[in-house]
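Letters A, B, C, D, E, F, G and H name the chains as they come in the text, with residue numbers starting at 1 for each one.
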Amino acid sequence: MNVTINGEPRRIDPGATVASVVSMLDVAPGARGVAVALDGEVVTRSRWPETELRDGCMVEVVAAIQGG
Amino acid sequence: MTDSLRIADRDLGSRLILGSGGFANHELLAQACRAAEAELCTVALRRLPDPAHPQGSILDVLDEAGVDVLPNTAGCFTARDAVATAQLAREAFGTHWIKLEVIGDDRTLLPDAVELLAAAEELVDDGFTVLPYTTDDPVLARRLEDVGCVAVMPLGSPIGSGMGICNPYNLSIIIERAGVPVILDAGVGTASDAALAMELGCDAVLCASAISRAHDPAAMATAVKLSVQAGRLARGAGRIPRRRYAQASTPADGMPAFDVDVEGAAR
Amino acid sequence: MTDSLRIADRDLGSRLILGSGGFANHELLAQACRAAEAELCTVALRRLPDPAHPQGSILDVLDEAGVDVLPNTAGCFTARDAVATAQLAREAFGTHWIKLEVIGDDRTLLPDAVELLAAAEELVDDGFTVLPYTTDDPVLARRLEDVGCVAVMPLGSPIGSGMGICNPYNLSIIIERAGVPVILDAGVGTASDAALAMELGCDAVLCASAISRAHDPAAMATAVKLSVQAGRLARGAGRIPRRRYAQASTPADGMPAFDVDVEGAAR
Amino acid sequence: MNVTINGEPRRIDPGATVASVVSMLDVAPGARGVAVALDGEVVTRSRWPETELRDGCMVEVVAAIQGG
Amino acid sequence: MTDSLRIADRDLGSRLILGSGGFANHELLAQACRAAEAELCTVALRRLPDPAHPQGSILDVLDEAGVDVLPNTAGCFTARDAVATAQLAREAFGTHWIKLEVIGDDRTLLPDAVELLAAAEELVDDGFTVLPYTTDDPVLARRLEDVGCVAVMPLGSPIGSGMGICNPYNLSIIIERAGVPVILDAGVGTASDAALAMELGCDAVLCASAISRAHDPAAMATAVKLSVQAGRLARGAGRIPRRRYAQASTPADGMPAFDVDVEGAAR
Amino acid sequence: MTDSLRIADRDLGSRLILGSGGFANHELLAQACRAAEAELCTVALRRLPDPAHPQGSILDVLDEAGVDVLPNTAGCFTARDAVATAQLAREAFGTHWIKLEVIGDDRTLLPDAVELLAAAEELVDDGFTVLPYTTDDPVLARRLEDVGCVAVMPLGSPIGSGMGICNPYNLSIIIERAGVPVILDAGVGTASDAALAMELGCDAVLCASAISRAHDPAAMATAVKLSVQAGRLARGAGRIPRRRYAQASTPADGMPAFDVDVEGAAR
Amino acid sequence: MNVTINGEPRRIDPGATVASVVSMLDVAPGARGVAVALDGEVVTRSRWPETELRDGCMVEVVAAIQGG
Amino acid sequence: MNVTINGEPRRIDPGATVASVVSMLDVAPGARGVAVALDGEVVTRSRWPETELRDGCMVEVVAAIQGG
């Protein structure tokens, strides 16, 4: 199915979860300061494994950088 | 020192808040953290991966330096984006504190009053502890306080401009009328700007570019730290008034006379 | 710290020189000496007895605080009187250092250029180590250096006026062109003035009334001390340039997007 | 004879020295930071006892005060 | 003069707009109108009867002076009140021009950004020609232009404060980025403030208290008029750059020499 | 206008003195003379022939414009040279008026206090009517007056620098204490600088580079002329005081109310 | 009936119009720069004679003053 | 004989006067705003014809230029 991850269109398998997307980005499982929004809403980390992506959804995976 | 700064439910021993933006690398940030002796340091959120700093998380740097994270919403142009970014930050960092930035213009990076106020109200309602980066407009500062912000963070001049406090008058009006701490945010170019801000009555100073982009960031961090302390002390010490004419520091009485002829003639 | 200031044949660890005038009593002076961590403190000469301070010599106060005496010629209006006063001071204090003051006006206490230069030349010829209190006139500063003064001490604004540095331009020209240390003398009103002086490139700051007449002299002495250190460090740290427009401290790349409808419609 | 001490006209006995004038002013013998000018010229402390005043002379006896 | 100022569909020959508030009586207003040679003068609306000026309508005074009315919404704290007041003004004066004021604070009389923008948008939609009194916030000025205001009227400093232009930087940013005329409103204290505003690039200046409360209003009206003209001309004339060092206005070459001995020795 | 300026035995109708240095050619000077409506214009003396202006004497240009010559001693570094130059000028122009310049430094072109005072005294003794270009040092200004100068001409900032009045404080002290006319000389960069000088109380302004080196000298000459008039008028008109808070120009009483529900409920 | 005119409670006769209220305030018929709001809405001058007040209504009658 | 005219060494005939030097510089006889110093002292115009130069003397011939 087609999704947008961090602004890039991607094809992924049905059944993919937030957790699998995060791991695709080389984020270590316990990496600190990482958060995810699915279609503009935050998905808390505990729910990453159970939250499945839908076709056409938009995922943002962000982390801390220097700034401000 | 017992002169701590209370913001919301927290007491800060340091009145210098560090901004993490602009350091050439994490090592310089780490040095500046140690030199500044700050307790809070801003961080931003961006998409992964971060090509600029592949070498490890800024969070580890701050942890090691014993500095807590103050997440911001840098780069947001709308209340909508700022609220979503704040919510991500809460999840990412486990803190409901947020330095709220909603920008109206990408050349001046000045706040957008309308979007800022809307975002502040929504975030306060959502349980955040909101510290908004704002203009030096006293009315806007008041409205931000009225919707529940725990501090206001007016600018001295645009971010990274180094122009110091362009309008000390407006800043002093904000301070006189505020019921929450006032933290100068943006514009500091060098140490004396920070001292002046504190002398005007700011409760704290946030400093990023002046330190991170100085030729020697650690030295400038020390300088700004000392300057914030100096300005705070000077404010409390009760400065002398400004006068148009001189006031002698040496008494005029008791001056010796050396001119023999004149005095001799007078006898 | 190895950043000492060399004046003539002497290295000073502190770049804050204390002026002793204006303290309500010797105890406040003693406290300020300790807080300021100065190594030099001015004293004046007046006829005995001194009705204002019958309780003991200021020299004992300074001795106990470990501060050396820098005698001045405060109150002199002519080269003649200033030279005679300097000679008395040399006898009284056993030092050939003299802070030379020759005043032209008793309301502004501003230096008299002509008499000052004449006195400086005569005292240098007589073996004195001369530190003249001067206007912010770059040409006069140069001429004082040319006749052999070991430092120049331009004013920021009149003695005791607390107006800070009225003409930073002139001060910076003096600094650019001086071959001897430049010490800001007179005008400091509060800590940030001292920081600014050091950032402009002054080698040291002399401060009297701002400390002695503050509501809390010891606190202000600490503030000015920190501020001098801050300004010195900031000068060396290489400040950021002033810019008219902002320079983001947070990168614009990598901003997340939250607006589902818009992005969805675009796909 | 008539002299002026710190601006005040005084009558003193002939033979009076700088040292005796200084002691008249209640200055302790070892007092620090005291200096004397006689007719505009400094008299070093070691010469106080031997320096006699002349009729009509002007003596200044000064000491350190707060100032500057 | 062909250097007229176009606002909306109107060409103004004078770049000084008079504010009618603060004159001790209508006769002084009439004199100031004549001296200022303004084409527009603000008026406010208040409940009848007006106890302060029972002697006749200000409209007759302005008519006789040949000055058109620019109604304002002075005293309004909400968009609601400002819109209603503007509608009354349109009815009362037969003009759809409105100087929009929405105040956030009765001590500073500073604009309330949020209410101001809301009122501007509503009035533009209702067919008004809107000239908003605004802060010196460049983002707010831009948003006012974006909703259809025909000019923006940033303040130099609070109404009646006479502090001039507290933040020339912000004003110049507004000017650089504006697509509509920028009229300095509030803060002028004396003639040079108006000249400076025009040199910074303002298209016009509104002046009330500086004229009406001067000791001699007619003389000050003339002074401000000349100053606005001077500033406008100077802006167009292309001023010299600021330099740190001197640039001789007299050539160094060809100086005569008078010192016989020196030159003689050299031969 | 009856507001003429008396200097020595002469009444000047114009308070703008033109400096002739820096014009690209005599035609631009002629235009500026007409625009400025000045009555005096400086000229310098240099060895013949003058390669820069082979086309005829500046004296003819000034004659045709109806402007009188005020010779200066530009370029002199010593009292000796200045006195000799003044004597040559008296011979060349048949006037005993001299604008005395004695410079201490060829990069700042700042006056040399000691040489200036010596030259002034000698020229006064020789029968000259001396108008010295001086620093903004109030003591020096006083001494120049004391030796018989008929006016003092303090600088605002270095010649040709266009920095305006760097130290308005010193200038105002000179004005308060002067018994002769005070003419701002050097530093004017644009019209508002001249207005400010007059508002501070200067009796006249001398302007060279700001006009001669502007892109459009005649336009700037008009601008400065208007600005001098404006500043003079404003000084006399009695400006409003500066206040920290606003003072409403519109009365608060009599505001209409529009909110039906609230008022209805209150009844 | 009870109305509020320029903030003051007033009793007026039923049938009173905006025009009659304006004349009560000593406004000359052709007076310039006068406008009226009834319950927050402008009543154009041509409609003053025909616009009747209702009980409890709020009338604002305003005119030009110096200001701004 | 050797003289210095406006800083330049020149050889001139004995008997030369200020007037002859001035004319050498292409100054018209009635030219305005011209003045002469001989060895640092002004020579008034009426005395130009009668004032002779001496060997080694220094002549300055100046005129008005834009300045100040």
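The rule is short, and it goes like this: a contact is a pair of C-beta atoms (placed from the backbone, for glycine too) under 8 Å apart; a residue touches a chain by one contact, two chains touch by 3 or more.
This is a predicted model, so every value here is computed, not measured.
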Smallest number of contact steps required from chain B to reach chain G: 2
Labels of chains that are neighbours to chain F and to chain H: E
F-G compared against E-G, more contacting pairs: E-G
Greatest separation from chain E - chain, by CA centre: D
Chain centre separation (chain B, chain D; CA means) in Å: 60
Rounded Å distance, chain A centre to chain H centre (Cα mean): 94
Chain centre separation (chain D, chain H; CA means) in Å: 64
Gap in Å, rounded to a whole number, between the CA centres of chain E and chain C: 43
Multi-partner residues of chain F (at least 2 other chains): 19, 21-22, 44-47, 50, 52, 72, 74-75, 84, 88, 108, 110, 163, 169, 173, 208, 244, 249-251, 254, 256, 258-259
Junction residues of chain D, two or more chains touched: 6-7, 37, 40, 60, 62, 65-68
In the complex with chain B, residue positions of chain C that touch it: 19, 21-22, 44-47, 50, 52, 72, 74-76, 80-81, 84-85, 88, 106-110, 158-163, 189-192, 195-196, 199, 208-210, 212-217, 219-220, 222-227, 229-231, 233-234, 236-256, 258-259
Residues of chain G touching chain F in the complex: 2, 4, 6-7, 9, 37, 39-40, 56, 58, 60, 62, 65-68
List of chain F residues in touch with chain H within their complex: 19-23, 29, 42-50, 52-53, 57-60, 69-72, 74-75, 84, 87-93, 99, 101, 208
Chain D contact footprint on chain B (complex, rising order): 249-251, 254, 256-260, 263-264, 267
Chain F-facing residues of chain C, complex: 104-105, 108, 110-114, 117, 135-140, 142-143, 157, 163, 166-167, 169-170, 173
